[in-house]
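Quick one: this structure, given as structure tokens, is what I'll be asking you about.
Each chain gets a letter, A, B, C and D, in the order it is written, and its residues are counted from 1.
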Amino acid sequence: MAIDLAPVMDAEALSAFFAEAFPHGAQDVHAAERFTIAPGFVRIAFDPDEAGLRPGGIVSGPTQMGLADRAAYAVILAHIGPVAMAMTSNLNYSFLRAVAFRRVHADAVLLKLGRRLATVDVRLWQDDPGNVVGQATVTYAIPG
Amino acid sequence: MAIDLAPVMDAEALSAFFAEAFPHGAQDVHAAERFTIAPGFVRIAFDPDEAGLRPGGIVSGPTQMGLADRAAYAVILAHIGPVAMAMTSNLNYSFLRAVAFRRVHADAVLLKLGRRLATVDVRLWQDDPGNVVGQATVTYAIPG
Amino acid sequence: MAIDLAPVMDAEALSAFFAEAFPHGAQDVHAAERFTIAPGFVRIAFDPDEAGLRPGGIVSGPTQMGLADRAAYAVILAHIGPVAMAMTSNLNYSFLRAVAFRRVHADAVLLKLGRRLATVDVRLWQDDPGNVVGQATVTYAIPG
Amino acid sequence: MAIDLAPVMDAEALSAFFAEAFPHGAQDVHAAERFTIAPGFVRIAFDPDEAGLRPGGIVSGPTQMGLADRAAYAVILAHIGPVAMAMTSNLNYSFLRAVAFRRVHADAVLLKLGRRLATVDVRLWQDDPGNVVGQATVTYAIPG
């Protein structure tokens, strides 16, 4: 592969970048996000707040899709650095199982990191990585 | 077509149903939604609030996708009635243009209303229906 | 919109380009394709051959998706000219109804024609434009 | 998980079923497909023929998408048996890298096998599983 999958940001830098990019008060800001970074990979551990709660004690669809989008963004930034202005061009989300109102993990894997487009597979899971509750394929445009 | 595209709910009934289904405080509740219904069609006129605001004065991705999902849900319910428990199984969203922080319209068209699956095309636009800012294809599972 | 939606190719030029780009013998070459062009729009009238026939007298999934992809490609080329090397980056296809083994139309509408990305809505229909048998959203990358 | 991921068909049975379901002469019939089955997983090793060849020595888009669809179908059938009439409802495909005209592998993983819907992640790769050339998320409807 022509892709250099060595991360260029650590979890702390990513966290600081996100805190600035999504200021307090915005819909999908969540103080309680923690990042784990590896080559070609970012995991977000996410604790939903009341804004994402639905009747029946489940996490809303927009909250799930927002989390998947941030995880995709995170794994791209972790590998190209915070200077680039990447923008989501397409997000395909499959709702697989009801998401209980407790910690959700989002595992983002870089499928392609091109000069202009990046494609990321994201799986949301709870309790155990095998219990996948949602899957997203996300494409970002990377301005040149 | 084997599909009966005559709506069975009017805008008032749909509005009342949504107000109950998405109680105050939830992430994508928006008092300022107005519905227009026609055979095979629902339009939502939506005024975003601060929760969906992003730096630069644009509407967030999750807010856009949530609106598209609600519009799809609305056009299905308008044609099968509020009794059915429909659930999103897949949502594919293309981000086409930045969405300015003012009124957004979502036009939902029933492509298929089967016994078990419904597929809806949704286009988000501003100012003029020709200025499409986002497009979604949404599939709902309809429990039998 | 910043998009100039005046076509720069006519049906004859488009037809000649496709004949050369998809030489005889390739899987989705179809002599029996006719193009109709309008601003922001291309329609292909397509007569399937035996290679796309499935038991039960229906048109295969890959044939449908290939047709949707060609229609998206056609509407982009019709508006930027045959010089550009556009490539599909994402195709999302919803199978709505069985496609009978007779003429299928594919209506492609440009949702966005950017400098680097183009997004196209394609609907396949038979007999009547209201009888939509499949829907695709197709994103092309346009090399700069 | 409520899903029983023990396969109920072996590679030979799957191969025989496909040979019958896609009779000789159809567009995406390929004698040269070999199946590997594991819990929740099917791999197809596929050797493209001339029908899927494109100028430049690459494998066509419809051939890639058809392979992804068959792999999704195979992993579902392998776990529910050949009696069920499953039908693709949605296929989302990301073209990541040019596919050279030689053996392609398709790895299909069951994300969800519900009573009515199954969702499958498929990755096409060449030479090495890390060299992913295409990714599909495929949803099948399973008639009750």
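By our rule, a residue touches a chain if its C-beta (ideal position, glycine included) is under 8 Å from a C-beta of that chain, and two chains touch if they have at least 3 such contacts.
Being a predicted model, the structure only gives us computed values, none of them experimental.
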item: Shared interface partners, meaning chains that touch chain B and chain D; value: A, C
item: Most remote chain, CA-based centroid, reference being chain A; value: C
item: Cα-centroid distance, chain A relative to chain C, in whole angstrom; value: 33
item: Chain centre separation in whole Å, for chain D relative to chain A (CA means); value: 27
item: Centre distance in Å when chain A and chain B are each reduced to the mean of their C-alpha atoms; value: 24
item: In chain D, residues with contacts to at least two other chains; value: 89-90, 92, 94, 119, 139
item: Touch list for chain A against partner chain D, complex; value: 1, 92, 94, 96-97, 111-112, 119, 121, 123, 130-132, 135, 137, 139
item: Footprint of chain A on chain C - complex, ascending; value: 89-90, 92, 116-117, 119, 139, 141, 144
item: Interface residues, chain A side, partner chain B - complex; value: 21, 23, 25-28, 50-55, 60-63, 65-66, 69, 87-95
